[in-house]
Amino acid sequence: MSSFHEIRLHGRGGQGTVSAAALLALTAFEDGFESQAFPKFGSERRGAPVEAYVRISRSVIRAHNQLYRPDAVVIQDTGLLRSEPLLRGLKPGGLIVLNATEKPADMGHSFRWISLPASQIGERHIGRPLPNTVLLGALAAGTGWVSLRALERAITDHLSSKGETVVNANIEAVREGYLFTSNEEELVL
Amino acid sequence: MDKRDLFRDNVLTSGHRACSGCGEAMAARMVTDLIGPDAIYINATGCLQVFSSHNQQSAWQAPWIHSVFANAAAVASGVEAALRAKGKNTPVIVQAGDGGTFDIGLQCLSGMIERGHDILFVCYDNEAYMNTGVQRSSSTPHAVRTTTSPPGRLANGKHELKKDVISIMAAHHMPYAATATIAYFPDLKAKVEKAMSIKGPRFLQVLSPCPLGWMHDSALSVTVSRLAVETGLFPLLELEHGELTGVMRLAEQKPVEEYLRPQGRFKHLFTGKEGGVELRHLQALADARIRRYGLLEADTKWDTARAMQSERNGRGGYVSTSTSGGAEHGA
Amino acid sequence: MKQLLEGSQAVAEAVRLCRPQVVAAYPITPQTHIIERLAQHVANGELAAEFINAESEFGAASIVLGAVASGARSFTATASQGLLLMTEVLYNIAGLRLPVVMICANRAVGAPINIFSDHQDSMSVRDAGWIQLYVDSNQMAVDMLIQAYRIAEVCELPVMVCMDGFLLTHTFEPVVLPSQAEVDGYLPAFQFARTLDPTQPMTIGGASEADNYQEYRIAQHHAMENSLAVIEALDAEFEQQFGRTSGGLLQGYCLDGAQIVLLGMGSLMGAVCDAVDNLRTQGEAVGALSLRCFRPFPAQALIQYLSGAQRIIVLEKAISIGGGGIVAAELRAALYQAGITTPLESVIGGLGGRDLTPEVIETIFKKRVEAETEMTNHFAPNHIITDEIDSGGKAHG
Amino acid sequence: MAAVVMFLLLLQEEQNMAPKLEIEPGSSTAYHTGDWATQQPLYQNKWPPCSQTCPASEDIQGWLALASEQQWQAAWHKLAERNPFPATMGRICYHACESPCNRKHLDSAVNIHAMERYLGDMAIAQGWCHEAISDNAQSQRVAIVGAGPAGLSCAFQLVRRGYHVTIFDAQAKPGGTLRSAIPDYRLPKSVLASEIEVILALGIELRLNTRVGKEISEGELRDQFDALFLAIGTQQARPHSYNDRPEKGGSHHSIMSGIEFLQSLNRGEQMRLPKQVAVVGGGNTAVDVARCVRRLGAEVTVICAQDPHGTHHRDLATEMPASLTEVVEAEAEEVQLIYRAGVRRLVRSGEHLSGIEIARVDQVHDRHGNFNPKYFDGTEEFIPAGLVIFAIGQEADWHGLETLPEADGVWLGGDTVSKSKLAAVAVGSGYQAAMSIASSLKGESSVFNDHKKSKITFREMQLHYYPKQPRHEGETSEQRLDGFKEVVKGLSDNAAEQEAKRCLSCGVCFECDNCWHFCPDAAVIKKEGGYQIDYDYCKGCGICAEECPCGHIDMAAVT
């Protein structure tokens, strides 16, 4: 089962959470895995909490039900911590990738945390405080489940319709997220 | 194919099972013969559909389809879209009764117009659900007796007014919407020809008396429809892009009683105690329509007397002529 | 080429490859992504079709009715309330024997209003005269849609491809999209003789009476029955050309030596297969049967597959209120007809988006198997799963 | 693929067995809805009231229809079929045809006589000739006595059918009463002469100044001819009984008969009249006389025993028989009319007549229908007059022909036998005599169909289908009393074209297409030149009959 990973992404409507999930699934697909991405089903409302899910597997993914025991959680907005049970079902030793300058002091038991100022990084490269691709870079670096090369290719594919500038800006953002994490010492509490 | 008549196509030919003296059969025969067999006809459920396509026998001599009651305009939209996709420009015609137009079919009709389909929608308005045995529709005029608006101790027939559907059509700002009736063939012809010369959604409301439901002698279908116009109760109008552009002037206004008397559906107004008020109400409705559309003073060369004119050797027939009569556009 | 695509997008691409000339639809969750994508294709000039924004699903169905009757291949999609609003027209399309193809993005039916997936909508129109094909995955949705046009046009019967809303429509997964040339090689240009054409006028949809109405219905029913063989044959042809099968009428999993068979339809079959794998590792002689074609009901094929089973558990996401499981009832009738008295359990679940995880399915399996030891009645009563397992981990902190 | 092929085979097999999904166009015609009908329409030409009233039975609707299409010559031929004197009759006929014209219920009657005159004048101006009906010459010879309207009409019909016709007349010129008794202001002699000339040009032998019993004997006539038509007219005045001193040897210079007066006027004799003249009589001759008197400069009073027009219209017996239009013209010319009065005696002053005493009368006719007025005593009145002209009727002069009327092979006609002494009646009787003679000579029984036709009134018509159009009139001369010039002028070309279109075509289809347009069952089939009802499909609703403008369609029960 080591080649089967489930990831849950949290964000708010408009932050590109579902898009990030699709991008992650695409990345895994580029790396030769089977993958699946889907949103938390429901109507889409801007600003409301959003969840999306990704499955990555060596074998064909048949199931189409939701996932309840993620291996990693990506949190795009610390504000969500106040109201949502963001860590529910996270497997022991699971990874949390958090868009924040530092880990919240009072949270997390036996999890791995990666905190990085993804919005600022995103703003610097993309011109808008978009954390999603930065966080994917961090997740790739923090887990090794997918390669940076595949992530860059997926971004190129996924965003090609938006033009080279956008693609390049996102690739820069992903790279910075990836490098930031690789250079940081992982926090294991 | 039946080719008995050399002077028209009989798009709706003989052997159909309409009641004797059916105004709708007459109207449909006129309209479809004016348009001809080189068109696709979509029919809503209703008398016309039932009597013309009975049990393996069809009175239609043009491509014709019936689906369900409410959806004629939508089926036509699909037909028109298919023709467009295939690069054809065969005319597409919808035929529906007042139920299929004013009531159950209104939504599909509105959608068809809003989307701008190149379709002529013809409503044969006989002012009630005749197919099911004369129940009231939203087209049924005020004070009319139907099986679901019966006069009684507490009622004088239908309480509500006839829905002003032509105004609803006009509010879509559609290219062409007009009212007509069987009594004025030259006017009907001019309107059909005009409608057929315009692209986009078009609407024609043809008042079509029903001897069964209106309870008049079967020979009086034309006479009664003429009186509907002459009294001002059914104004003949043309509206283009939402603006009134033509009316049939009344050569003289006839009292509504002349129209109501031959019709059993108004009989209770002449025998009941409260009938007088309703008669005055109907007269007031006629007066108001005449005033609203300027039917007595409109500056037109065409009027109810001239449009009736019988001429030696026919009134234009079914062959299209660009110089034929038609509603003059009022000032 | 295998791509990771959202289910809606994948079927929209499949629709595009089938070259419909008219697309008409009215938006309803969770069908929207399909038609949005098609609208964009038309806007981009990638699909040479008339895209008609209907004023209702009733209108949309009517529009494709008219378009097909005029000789144009057409497409529509809807779900739930929209499908029910179409119902009158669905019967009409089938009665007119028009080869319309549509996707039903399966969704629950209100009240209470619910946008999530179950099969209540399409199951409610099972008698309308449409072929109904339920797909397990997005790949199958793509393949089935292409086959659907072929089936519809050969049989002169309308086909409804049923794909679970959200669970498939909104899920990104790898899908192999065939090329245009491949699809063209499988699906010939639209051909339909009974069309509205002034050069060959005909009356379509005339009134009928007692002396022939029944014959029309019988002919329709026979065509449906006969289509079973066509569906199988066209899947075989598809497999030959594309190297993939959709299983035709149904598809078994781990049926070798299976004493207990879990039968279901649609996307839940993924979880069923996972559950079967788990149960097999636990030593249970269990297999799964995915019913792809619910209409026409493939009684013979089912009997063939199930004749060796000692117990059948039918898991379905719809209920005939006051009746129970629909597939179970029909299957039971078919088995009875064949003299097979295998116990058959009807389990209803997954309504309104309630998740059917492999764990839930294993639980159902175990409960039903345990129950058997105590039961003498071969025809088990229906059960409605209300809350078989905790719906997910609660928050930590 | 085998399964698909198998399916297709099954599909085909089943579709062959199952009812068809598509229905054949026009297949409904297999169902004959005509079986529903309890009544059926019939196309039936009616007899329009104009033709019905016309003494000459002209097909007025027929020739007006042609005129409305400006087929002038065809219209003239159609008219002449029954009346070869359109220019003449258009002027002098009292157009009984116009009073029942259904058009008066819409606006006003069609000006038939003006149209007739227009066509007649056009024919004269264009030099149109009559045409023979049959090229086969018949061996029989027919003699006609009297070259008046009846004799000429009969001759016209017979000669066109190939018979040898010889007309005998005692006068020096043909025309009979038309020439002798119609004043010039109503009928210029040249018009009459032209029309007679065209009739004679068909090959009629005319022997003038030939009086039977004098220049030719009855026996000679009987021997030389196979048939004989006597149309000798009424050339002598009916005797009156007012003379207290009967004159010897005919007329007295203060008492004349109307016919004498008009004949001498028409011979061009100079007449000197007293200042005041009384005319006795209520007929057209009386009015003609009075109007001529006015033109000769005298004052005139007409004493008429009947009521004025319109007062007793339900009882025409008491209404003045003279034509209303003539009376109106006369009044316009200041002719004084005294109604319901009769002459009791002539008042003389020596040899001279000073006037007449009149009295009011009650009954005009007695129980036997004879003219027999009853006077009211005490209503006497003196009317001063130097001349009294009795215009109380004429009689035939049978002198020399006494035996003929009773003989075989002899027909009578014209004023001689008609109660109504109208020129048109004479023309009509000439036609009927000709038809009877021709039948007789062929050994057939004569058949007149006119009276079997059903009649039509405005109630059976739909007048709203006709637009209102004012009647066109010929202009009236302003200096009418200045001599004997024609008073009424003909219609202008434009007016004639418009007037012809005013004909409602009562009871006669004019192909307006109403029945064809309005048939809900497409059971009226249009053919070249008419319609045909397909009774296989006609449900008998009656709309075609109801909406036929001219009442050409009748509904009859299905038997």
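Going in written order, the chains are labelled A, B, C and D, and every chain counts its residues from 1.
Note that a residue touches a chain if its C-beta (ideal position, glycine included) is under 8 Å from a C-beta of that chain, and two chains touch if they have at least 3 such contacts.
Small disclaimer: the values here were computed from a predicted structure and weren't measured.
Fewest steps needed to get from subunit B to subunit C, stepping only to touching chains, is 1.
For the pairs B-D and C-D, the count of C-beta pairs in contact is higher at B-D.
Separating the CA-averaged centres of subunit A and subunit D is a span of 112 Å. Computed centre separation for the pair subunit B/subunit D is 48 angstrom, with centres defined by C-alpha atoms. Between subunit C and subunit D the centroid-to-centroid distance comes to 90 Å (mean Cα coordinates, whole Å).
With centres set at the average Cα position, the gap from subunit A to subunit B is 65 Å.
Annotation for subunit B: residues touching 2 or more other chains are 53-54, 56-58, 60-62. Residues of subunit C in contact with at least two other chains: 96, 201-204, 206, 208, 212.
Not a single residue position of subunit A touches two or more of the other chains.
Applying the touch criterion to all chain pairs gives A-C, B-C, B-D, C-D.
Contact residues of subunit C toward subunit D in the complex are 96-97, 154-156, 194, 201-204, 206, 208, 212, 215-216, 218-219, 222-223, 226-227, 229-230, 232-234, 237.
Those residues of subunit B lying in contact with subunit D across their complex are 1-2, 4-8, 10, 12-18, 20-23, 25-26, 29-30, 52-54, 56-62, 182, 185, 211, 217-223, 226, 305-306, 308-315, 317.
Of all residues in subunit D, those touching subunit B in their complex are 19-20, 23-33, 36-37, 65, 68-69, 464-468, 505, 510-514, 516-523, 525-528, 534, 536-537, 539-543, 545-547, 549, 555. On the side of subunit B, the complex with subunit C involves touching residues 37-40, 42-43, 49-50, 53-58, 60-68, 70-71, 74-86, 90, 107-108, 110-111, 114-115. Remark: subunit C residues 4, 6, 29-30, 115-117, 136-137, 164-168, 170-174, 267-271, 273-274, 353, 355-358, 392-397 touch subunit A in the complex.
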